[in-house]
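Next come two complexes built around chain A: one with chain B, the other with chain C.
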Partner chain A sequence: MSTYTPPLKDMQFVLRELAGIEHVAQLPGYEDAAPDLVEAILEEAGKFASGVLAPLNWSGDQEGARFHDKAVTTPAGFKEAFAQFAEAGWIGLSGDVEYGGQGLPKLVSAAVQEMWTASNMSFSLCPLLTLGATEALLLCGSAQQKTTYLPKLIAGKWTGTMNITEPQAGSDLAAIRTRAEPQGDGRYKIFGQKIFITYGEHDLADNIVHLVLARTSGAPEGVKGLSLFVVPKFMVNADGSLGARNDVCCVSIEHKLGIHASPTCVMAFGDDGGAVGELVGKENDGLKYMFIMMNAARFGVGIEGVALGECAYQLALAYAKDRVQGRDIAGSSDGVAIVHHPDVRRMLMLMKAQIEAMRALAYTVAAANDTAARHPDAAERKRSQAYVDLMIPVVKGWLTETGNELTHLGVQVHGGMGFVEETGAAQYLRDARIITIYEGTTGIQANDLIGRKIAREGGATVKAVIALMQRTEAELAQQAGPEFAAIKFALGKGITAVSEAVEYIVANYGNDIRTVSVGAVPFLKLMGIVSGGWQMARAALAAQAKISGGSHGDPFYPAKITTARFYADHLLATAPGLAQIVTHGGAGAMALDVSIL
Partner chain B sequence: MSTYTPPLKDMQFVLRELAGIEHVAQLPGYEDAAPDLVEAILEEAGKFASGVLAPLNWSGDQEGARFHDKAVTTPAGFKEAFAQFAEAGWIGLSGDVEYGGQGLPKLVSAAVQEMWTASNMSFSLCPLLTLGATEALLLCGSAQQKTTYLPKLIAGKWTGTMNITEPQAGSDLAAIRTRAEPQGDGRYKIFGQKIFITYGEHDLADNIVHLVLARTSGAPEGVKGLSLFVVPKFMVNADGSLGARNDVCCVSIEHKLGIHASPTCVMAFGDDGGAVGELVGKENDGLKYMFIMMNAARFGVGIEGVALGECAYQLALAYAKDRVQGRDIAGSSDGVAIVHHPDVRRMLMLMKAQIEAMRALAYTVAAANDTAARHPDAAERKRSQAYVDLMIPVVKGWLTETGNELTHLGVQVHGGMGFVEETGAAQYLRDARIITIYEGTTGIQANDLIGRKIAREGGATVKAVIALMQRTEAELAQQAGPEFAAIKFALGKGITAVSEAVEYIVANYGNDIRTVSVGAVPFLKLMGIVSGGWQMARAALAAQAKISGGSHGDPFYPAKITTARFYADHLLATAPGLAQIVTHGGAGAMALDVSIL
Partner chain C sequence: MKILVPIKRVVDYNVKVRVKADGTGVDLANVKMSMNPFDEIAIEEAVRLREAGIATEVIAVSCGLAACQETLRTAMAIGADRAILVESDVDLQPLAVAKLIKAVAAKEQPQMVIFGKQAIDDDANQTGQMFAALTGWPQATFASKVVVANGMATVTREIDGGAETLEFKLPVVVTTDLRLNEPRYATLPNIMKAKKKQLDTLKPADLGVDVTPRLTTLKVMDPPKRGAGVKVADVKELVAKLKNEAKVI
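The block that comes next holds the complex of A and B.
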């Protein structure tokens, strides 16, 4: 059965050398995030992940969440683990200190979330969704709503959900039909059905706080008529105690490919007279609030990509070291562990290199998020926010697609054993398959990237990022040796590829959006691969500085340089081809009539 | 629930225009394969696949094969379907006429197998394995073995298996330990355990004919000491009736990611005194016979790649036409079916284009196989056999990897519904995951390709294939219009990429096998993509000839040209990057010590 060892050394390296934890710790309000304290926090999180959550991952998958008579039972051990998790304060790690949170920066919570997902993705979704609800209420809720809900959510006494999707409204939020009727006392009655509601019902906590997108009577058509409501499972009395059962219930759960232990619920609102809800923020501003939550959620799903890649890698590596099969291709006739076979090594290096690149990219975006939130200089906040806005679809889209590829490779390394469920590799593949879909498919991310984030501003932010990449390229040129030569060569090609693709998008998006949009996902992959390669190049430079500064023979640093070089040779090498697809792939794609497909 | 419509029009196009069914039908012994008769056969097979097998695919997955007390029960309907299948003569389609087969060429059986797999992969594995056993006995068995087993196997009264893998011997056949002790009467007693035995036990037929790789007492170490044995589940009396139960039984079946209806058995030989077996062919020649079977089996698994891609495509296309979500990106504000969204269209075109390329490549290799077997001219037989030998690892490796990518895309097109098992898209993904593994992983195929098939002969055959590709490129230059210009441009780049990679492999394989082998799988993908692009270019030329010759406005032909152009823009565009990985990716991959991975 699988075990999980938190990759603390690489996490620390990224936090300190690439994401600038020291700078983040100097931002107002983040003074507690001193590097040494953060190190201690990550160690504790790692113990919880490997000691409590990982042992429930496989059993949770096999047992699954069960539904009976409107109630959901989570697998054995989940309830106790959630209580421990809440008790240890993990839910409130990045929560507002005013409501009992620890107020740590996103950079720290990102690293911690990676461990929760890697050790037990199904479990991790409950706190992740709770965090989303917490952020929405903090940003948009009334003072009373905050006082009522936030302390309980942050303490893990209650949990939160996001109720967006309906059968006819998936990616298309304009099609939402759930309606909210004002009752004259400031409250509303909610009627409608929501689907795909993660942890919409469960037995982990006393109350569930549903955040629900709905349409008030007479609201405008489309997305401009959506409002956000808070609808608790149990009404909350003035003293904070639980009151009557609200008219919202789970009517079924989905039979899914993966994340079996995470209940995916069909929720019925108002079947018995109307679910009581309160408006959050202003009427018809629901979409805006949802996008605030969505950006955090999309980042969180991106982290799932690196997390699933990591646990798939650890399992595959352990098997490859243990499994003796065949002889060394260029050596003796004795049997060797398959880790010595070139193609197995290539697969493991593909996993290792892309995991490290994904982690570096995600954590640096998290740090930029912290800067955007707290930096005293408004211009710096704005610059950081523009970078975050640009990179969120890349983090969500590229990390989740890559996470899927890595779980596929994880099975492949196992050979026939990978297809046997008991091995555990197949579970990662199954669990990963949702991450390129929920919180906006890769296609949705890519359209957001080329449209709102690039074309609309004439590519200003992405060109600024390209300039930063070029600075890194110039630094590479100062280094000696074949590794840095290979990294510089490939990064240079990659930067050129991104630049050409950006020029094409900016020049043509306005007059031929359909053709340009065919290249949206190929561009997102290109942007992800080159951004990841940029971070790996920065990592190689940082590692070289450590070596030059006297790293006492720690093999971590030369390995980082070698891994960056592998990434350059095997991933950045695909960048020119992706740019070619972006700039030349549009015409043929839309040419066929639907009837002949 | 999924349905399957046999893609008869494209199959016929490939058979007639690309694979040369007319020429195959002129080969001695294949006179029955006249194009019109073949068309009728494919129509009948299509009816059986869509009418009998497809309806059992989902229910078979959900019910799964069940094991109890050494017996395996297949899902409801499988037994009746197999009886109908056998009765209709489908098992013996390509079987020897002397033993009741219909003696049709591989080109026809390949197309028919595609339909069996696409409609019900789990079911299809029983006749596929039976065919493998039949071929082994036909090629290597004694006259008496042929008379005893072949008519029953071809008629579907009995079925066959291949018993190769053992717990310590997966890809590494040298590690096989199952032993065979001669009994002095020409028979042997077999002792050992085999795993991953497809349909090793079931309730579809009266007897099961196991072909078993084992080691006789005193045989040489390694693969040179392997012999092939036939071990029936029930002994066969002289009159052909069934005798005593042999000492071979199923002790468990695997709990797998996919192909749930296909029992994957652990088989125990000789737990009760020894399983009685007969030597097939000569002692210690087992590996040679196994490779004969293996080439056929590998081709058959390659066909599974295109088959699973096809059924995933059909399901995704139907959903994309039906699902209304969002508005046209450049059009009116009315909701549109998602098939009109550029990224959905891109995904569907990726599926369609690669399916057509895979089918064309596989069928042309099947035709070459028929030529190699039956052409009156020895030089032509040799040339064809060399082409087949070169392309078998490409067909197996590239089609199965691509098939996995397409089932992944099939889920993606469905969005959240794709993750729900009832939709059926996830089953294709699960079922497909084994095909890059069994009958030799992609890594094994790629090593075979660059080593035995290219480096060992200095690249002679692959260079001859490159010359054929260049002839097609020259023909493209004769055509007008942007489609042919795009196809010619991309194919030219692809050919250059293959040539450069081949030169590198041939020049360096001998002195640096480890470094070169890192590029084996990237080269296999490159070879597959360019070979597929070559076939799509041939298809476009054939379609243009049809149009020029008066195709009466049939939209199939212009669509074929557009699809070939899409393939060029989106797949061939990746060829230079793959060549770069092959020629430059070796150094960094093997550099790390295992302890730092």
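The block that comes next holds the complex of A and C.
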């Protein structure tokens, strides 16, 4: 059965050598995030993840969340685990200090979130959504809303949700119909139906704080007429105690491909006279607030890609070392464990290399996010924010797509046993399938990347990133040996591929948006692979510096260089082909008439 | 009442240990280290006694390399109030540690010292007993239940035949067995507070203790590989083999 061992060594390496935890700990307000304290936090979070959450992953999947009489029962053990999780203070890790949080940087919460997701993705969604609601209220809520809700949410006494999607309004928020009618006392009555609401109803906490996108009467059409409301399951009295049941309820939960333990709810607002809600921020500014939170939400889903890849890898590796089948291809009389077969090894290396690349990319973006939020120099903040904005669709899109591929490989390494549920490999594959879809599909991410993040500014930020990549390429040239030569060669090709694709997009986006957009997802993949390769090259350089500085024969560092080389030969090598798709693939895709498809 | 809890930093229980090629010991290079699990139980018990209002202060103490500070921080994250490191690069053997703890106890005047019953690296199971002998305190080893009231400690201990319950006048030495409790997960606020708690560092010389090793390790090697089994025809043959070949009955 699946267990989870937190990859602390690689996490620490990325935090220290690539993401610069020491620099983050020097930013105002993040002084607590000193490397040794962060190490202790990761260590203890890892114990909790593997000791409490991982044992509930498989049973939670098999049992699933259950719906009856407008209530949802979570699988056995979830309630106790959530109480323990809240009690241990993990929900408040990045929460505002003023409301009981610990105020730690995004870089630390990214690493910790990876562990929650890897050990039990279904469970992890409840704190993740609560965090989203917390951030929304912190950014846009009134002083009273903050004092009413934030301490309870941060302490895990209550949980939060985001109510956005409606049956006719999925990727297109302009189609949202939920109405909000002012009551004259500053409050509103909310009417409408929301779907796909993660943890919209459950038995883990005393109250559920719904953040709801709705339209006030007379609001403009489209996305400009959306406002954000806070609608609690139970009304909150002035003294903070719980009052009457609000007119919001769960009417059913979905039967899904994966994340069975996470209730995905259909929510009905106002079936019995109207759900009482309060406006959050200003009327008609709902979409603006959504965009502020979207970076955080999309980043969080990107982390799910690394996390699921990691647990799929751990399971596949353990099986490959244990399962004896066939002889050594170069000749041996005895049977060998399948880990010795070259193709199985290739698959495991594909998993290992891409996990490490994804982790490095995600954590460095988290660090840039912290810099953008707290750096004393405005120019530095602006530069970091531009980098974050560019990379968010890459982190969301590439990490989730790659995470899916890795759970796929995890099943493949198991052979026939991977297709059997009891092995556990299939659960990761099923659970991962949603991550390329929710919080904006890969297609939405790719359109954001080539349109808003590249074409609109003539590729200025991406060209600055390319220049940084070239600097790493130059550093690689200073190193001796065939491994660094291979990494430099492949990274050079990758950078050229990205540059060509960017030139094409910038030149043609304005006059032929359809053709260019066909290449959006291939470009996102290209950008992901080359950015990951850039981070692996930096990792190889850092590992070499460790070896030169005397690493006492620690096998981690030579392995990092070899893994970077594998990544160069197997993944960066695909970059020119992807660039070819971006620059030439548009014509054929849109040419056929729909009737002949 | 103060409680002193000695803590040892050992190879993590998940690590498969490797013997050094030259047979001088276990390879510790690049190996994950953590708190001896029996000591975690000891800390947990002490913290529970403080939470119950019976103890007033829990002090964790570790003897060894500077890196033990990390292990002491873990103890403080579980709930120890402060910590003392007796720093030494010498390979500290049970008698040396018992003497160091005795010297620390002389300064701190605890009413109870809770040791792990043994450390999972050398499995010596000696330090608590040696400490008791050196101090003349009563000892309750392999404890599965500890109750303190009216200056007396009532300790249930695991023995070959089952369990026995003993009563002691304080101060007392307790060593923990697995059933005593299940250590908690450290909370995030406590992990962060642990960083700011007091951690004093002493040297064996400050305590006037000579820690020079008295035992010499001749050779460390892997246990012999288990040979293939044989099938026996009947119980008679099995008994004969156990008697004559294995010589166990």
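Going forward, the second predicted complex is superposed on the first by the 596 of 597 C-alpha atoms of A that agree within 3 Å, B and C clash if a C-alpha of one lies under 4 Å from a C-alpha of the other, contacts with A are read in each partner's own complex, and residues count from 1 in each chain.
As a working rule, contacts are C-beta pairs under 8 Å (C-beta built on N, C-alpha and C of every residue); 3 or more make two chains touch, one makes a residue touch a chain.
Only a predicted model underlies this, so the values are computations on that prediction, with no experimental measurement involved.
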| item | value |
| --- | --- |
| Which of chain B and chain C A:Val52 touches, first, second, both or neither | second |
| Chain B versus chain C as contact partner of A:Met235, first or second or both or neither | neither |
| Residue contacts on chain A - larger count, chain B or chain C | B |
| First, second, both or neither for A:Gly553, with chain B first and chain C second | second |
| Partner chain(s) touched by A:Ala88 [first = chain B, second = chain C, both, neither] | second |
| Chain B versus chain C as contact partner of A:Leu468, first or second or both or neither | neither |
| Which superposed partner A:Ala460 touches (first chain B, second chain C, both, neither) | neither |
| First, second, both or neither for A:Val97, with chain B first and chain C second | neither |
| Chain B versus chain C as contact partner of A:Gly416, first or second or both or neither | first |
| Footprint overlap on chain A, where chain B in one structure and chain C in the other make contact | 555-556 |
| Complex interface listing, chain A residues touching chain C | 5, 32, 34, 36-37, 39-41, 43-44, 47-48, 51-52, 84, 87-90, 92-93, 102, 552-556 |
| Of all residues in chain C, those that touch chain A in their complex | 14, 29-30, 70, 73-74, 77, 185-189, 191-192, 194-195 |
| In the complex, chain B residues that touch chain A | 165, 168, 170-172, 174-175, 196, 254-258, 317, 321, 324-326, 329-330, 335, 337, 339-349, 352, 404, 408, 411-412, 415-416, 418-422, 426, 429-430, 433-434, 436-438, 441-443, 446-447, 482-483, 486, 513-515, 517-518, 520-522, 555-556, 559, 562-563, 565-566, 568-570, 573-578, 580-581, 584-597 |
